[in-house]
C-alpha cells in the first residue's frame, strides 16, 4: 500500500481539475472516475485535482467527497500528486474536510478564501494560516472570486508564501495583470486556471495549468505545456487556438433555461461521455442537464477539434 | 423527553437568529447558550433560530453545529419552535445537515439558495424541492443575496409555496418592494430579517421578525411586535426608532481593520457580554475581534438605549 | 410672461418624472408633451420633473433637452414647480446644464452623484456644493445607484441638507431602511421614486412621490397621496395594490431581445400612446422598440387597471 | 493650415491617453498641454488620445473639451493621429461631441458603450452604427466596463468591425482572454489600455498601446513597443517590469480619504508636475488633490524608475 510520495512543493505542469462522474442514481461512478484518471495519466498530466469547482465540490455530500479522494489516491498511486479541493465557507469547516482528505492520502488540499461571510484581507490571511497550522498536508491557495466574492491579492498571496502557509497558488481570477504581479513577487509556484491564456501564463512564469477543459482534451494541454517548456511558442499558440475553439462547449447551453455552472460542467461531462470516458453525463443536484440539441452541438465541436472516442 | 410539538406551519412573531456563544477555546459555550435561550424566552419570543447568519453558521464545524441545535432543542423543550439553519452550497450538503438537525429535534430547517455555483431560478426551485423531499422536517426558505449572490424572487417563492416545499420565508433581501409582492401573492407566512423596517414589514402583512439585533434587545422587538398586533403603530414606531439607534452597534468597527461580518456579529456578542448574557464575546475563526475602543462605543450605545445588565 | 414662483423649498406631493415624447423623426414632439403636461395637471399633480431617468435624460441631445424644459416651463406657467434633470458625469458638465435649465425657467434642477469616475463620499459632497454655488436655482439631490453606481448615504444627505446645498432629495435607491434613516435625520423634504412603496414611504414621512408609473396613471398616485394625507391608509393601500399590478408594464419586454431601460421606458410610452396622450411611443436612440405582442400585453394590463383613452 | 492626414485606419504603436493640464483657476493650461504634446512627440509616440478617461473627459465642460482638441490638433499638426474621446451616455450626446471634435480636426473619435441606461448588446451595436453614420470622422470603439458597466464582447466588436462602423478598438476591460478572442476574430486593429500587460498584448497581436502611464514615461512604452516589434521579447519584458513598479504611483493615495479616480489621475499629474512637464498638478472638480506625503511617495517612485526632470 506504500507508494512514492509526490513532491507537491514543486507543483508544475498540467494538473486538470477533474469532473466527478456520477451514475444514473447520482452516486459517484467509481469505474468512470478510474477511467478518467487513467485517461489523464496516459495523456501525461503532471497531477490531478479532484473536488475542485469542475468537480462540483459545492454540490457533493461527504460520502461523494470521500469517494472521489479515495478513488483518486488509490488509482494514481503516487504516480503524480493528487490535489483535493476542500472548499467551504469557514476555517473550521475547511479543516474538517482537509483532515478527511489527508487521511484518504491526498497529497495536498486546495483552499479558497472564506465565503458567505464578508472577510477582510487580514481575515483571509488568518484563514489560511489556521488551516495550515491545523492539518498535516500541504495547502494550495485557490483564487476564484467569481465563486467566493473575495480576491487573493498579490499582497495576501505574498504574505502566505512568506509564512509558508501555502505551497502553491491556483489562479482563476481572470486577472492576468494581478497574476503577473504575484509571479514577480511571491516565492511559490503559481498555476493558472485559465483555459484560454495557458501559453501566455506559462510565458509569464506560471508553473503550470489547471484547465477545466483539460478533462476533455488533456493531450492538448500536455502538448501545449511541453511546447512552452521546449521554447516552441508557435506550436503552443497553435494548440491554444485549437483549444479556444473547443472551449465553446462550455457555452452551448441556453442561459434562459439552465445556469452557467450547469452549462459549463454539463458541457465537460457531455464531451467526456461522447468520447467514451464517462458512462453517463449526469451532473449533481440541483443542476439541470443539457438537452439533445445542446449535446449535438458539443459533438460537433469535438469533431471540429479532432477529438473522437478514446 | 417528550414535549409539545410547536406549530411551525403557523410561524409568526419574534424569532431572533441567535448568536453562537463560544468560550475562550473556541468551543460552543453551552452555559452561555442556555442563558441566551432563557433570556429570549423570558422576553417572550415566539421562536428561536439557531445556526443562521448571526449564528456564524458559515464558520461552525459539525460538532459546533450539532451542539447548538442540541442545546437549543433541549433548553426550549417545545415552548416555542426551534429553527435550525442548514446553510450550505449544494443540495446534498444541505440534506446532510438537515437530517442532522431533524435528528436533534429541530422543528424546522432554514435553507438558502445554492451558492458558489451560479444557479438558474429553475435550479433554485429544484434545490428546495429536493431538500423538502429528502428530509422529514419542515423547510423555511431564506433569501439572503448579500451572502449567496442569488435572489429568491416572488416567482420562485410563489412556486415553492404552491408546491408546499417550504412552510415559510425569511426575507433578508433588503428589498421591501419584492417582499411586499411576495406578501401579496404567496400563500405562506413571511418573516422579515430587517432590524430597521420591522414595524413597516408587519404593517404590510409580514408574519414576524427575525432580527439579529433581537439577540441584544429581544424585549424591544417583542414590544414592537405586540404593539403592531394590537394596532398601536405609534408605539411600534417609537420602539423601532429606539432600536434603529441601537443598531449602530453593528458598524462601530473600523472597516479598514476587520471585515463587515466580524464587526456586525462581534457587535452583537460584545453587547451580550456587556449585558451579562454571554461569558465571552469571542467570534469564530477567522474573524478578528473588536478592540477596546470599539467595545466602549458599544457600551455607550447600550446605555443610550436604556439596556443594562440582565 | 410673469407667473407665480412655485415654492420648491416645500416640495411635496406627486411629482411624476415625465417621459420625453418623440415624433417619428426622433424630435421632441412638443404637442404630445403639452398634452402630457395637461393630463398631469388635470390629474392634480403637485409638480413635474422633466429630464429625469424616465425622461431619457441620458439619451437627449442639447436641443432636445432645452426643448423639454422650455415646453414644460411654458405650459405649466407656474401652476406647480417644474424640476429639470441635469444629469451628467461631472461637476462642470452639470453646471452647464443647470445654467441652461435656469435660463429656461426651471424652478429647480435635479442632480445625481458624479459617475463614470469613481468618487469618494467627500467628492460627492463637493460635487453638490460646487453645483449649488455656481447656479442660481435650487438643487434637488437624486440618489439612483442603479444608474450611477454610487450611493447618497444618510451621512452625505445630512451634510448637504445642513449646508443648504440641496433643497430636497429624490430617492430611487430601492433601500427603504436607508431612506427612513434620512427621514429621521436630515432636515429636508425627501421624495421616493418607488412605484411600489409609495404609501409606505409616505407613512414613514416622505414628502412626496416621483413615480415613473405616474406618467401613465397620475390620477392613481394623486388619489394614493391624498388618501395618505387624509389618514386613510386602507384606501391608499388599495390604490397601491392596483398600481403594483399595473407596474407589470415595465417588464413585458423580452430581456433576451432588448435592454431593461428600453423595456421600462418603452412600456410607459406604449401605455401613454394607447391612452391617447402621446402620438407615438418612440424612444430615443439607441433603444429598441417594443414589438406588437408586447404592446398587446400592455394594453391588457391597462384594461385590467381600468385605464382607457383619455 | 493644411497638414498631412494621418492614417487612422492603420492605428498602431504607442498612443497615450493624455491628461488634461489645468491651471490654478481650473482652466485648461494650454501651455502645459503643448509641452505635454511636445514631450510625447519627442519620445516617439505614434498617436495621442485626448479626452479619454485619463483626460478627465467625464469632468470637462464643453469649453475645456474643445480647447483640448484644438490645442492637440494644432500642436500635433498631422505628425501623428489625434484621437478625441467623445464619451457620453447616449447616442445623440455622443454625436454632438463627435461633430465638435471633427470640426476641430480630430483624426478619429473614441466612443464607449452607452451608460446610465442599461443597454442590450444589440442596442450597443446600434449605438455605434448610428454614431458612425452621423459623423464624418472615423470611430474607435472603447471598452471600459469599470466606467460604463457594459462590455463590448467579441461578438459585438466583430459585428462592428464587419460593418466597418468602427476602425479600431481600445480595450480597457482587464480581460485578456476576451481581448485575445477579438484579436483572433475581428478584422480591425486592437490596442490595449493595460499598463501592465503591454508586452503580452503586443505578443498576442495587439496593434498598439494606450497606457495612462504613458503620460509619465512615454519613452518607456516606446522602447517596449519597439522591442516587441523588433522581436526582442526579453528587452520588452525588462521594460515592462520597470513600468510595473512605476505604476504604483496610481495607488499611493489613501482610499479612506479620496476616490480611486482622484488618486490615479492625481498620481499621473503629480508625476508630470514633478518632471517639469505640467505647471500644476490640479485635477478637475470634484476630485480632491493628493497631499504632500502622497506626492513625496510619487517622487520616490519616479526616482526609483530613473525618471527626472525633462
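Each chain gets a letter, A, B, C and D, in the order it is written, and its residues are counted from 1.
In the analysis below, a residue touches a chain if its C-beta (ideal position, glycine included) is under 8 Å from a C-beta of that chain, and two chains touch if they have at least 3 such contacts.
No experiment lies behind these values; they were computed from the predicted model shown.
S.K.: Suppose you list every residue number at the chain A-chain B interface; are over half of them used by both chains (same) or under half (different)?
M.R.: The interface is built from the same residue numbers on each side, given that over half of them are used by both copies.
S.K.: List the centre-to-centre spacing of chain B and chain C in whole Å, with centres computed as mean CA coordinates.
M.R.: 37
S.K.: In whole angstrom, what separates the CA-based centres of chain A and chain C?
M.R.: Centre-to-centre distance between chain A and chain C: 50 Å.
S.K.: Two-or-more-chain contact residues of chain D, please, as numbers and ranges.
M.R.: In chain D, no residue touches two or more other chains.
S.K.: Please classify the inter-chain touch graph. Allowed labels: line, ring, star, complete, other.
M.R.: Graph shape here is a ring: one loop, exactly two partners per chain.
S.K.: Could you list each pair of chains that touch one another?
M.R.: A-B, A-D, B-C, C-D
S.K.: Quick check: in the complex, which residue numbers of chain C touch chain B?
M.R.: 174-177, 180-181, 184, 194, 196-197, 200, 203-204, 241, 244
S.K.: How about chain A: which of its residues touch chain B in the complex?
M.R.: 53, 56-62, 64, 87-93, 95-96, 114-120, 122-124, 126-127, 130, 146-149, 255, 257-262, 284-288
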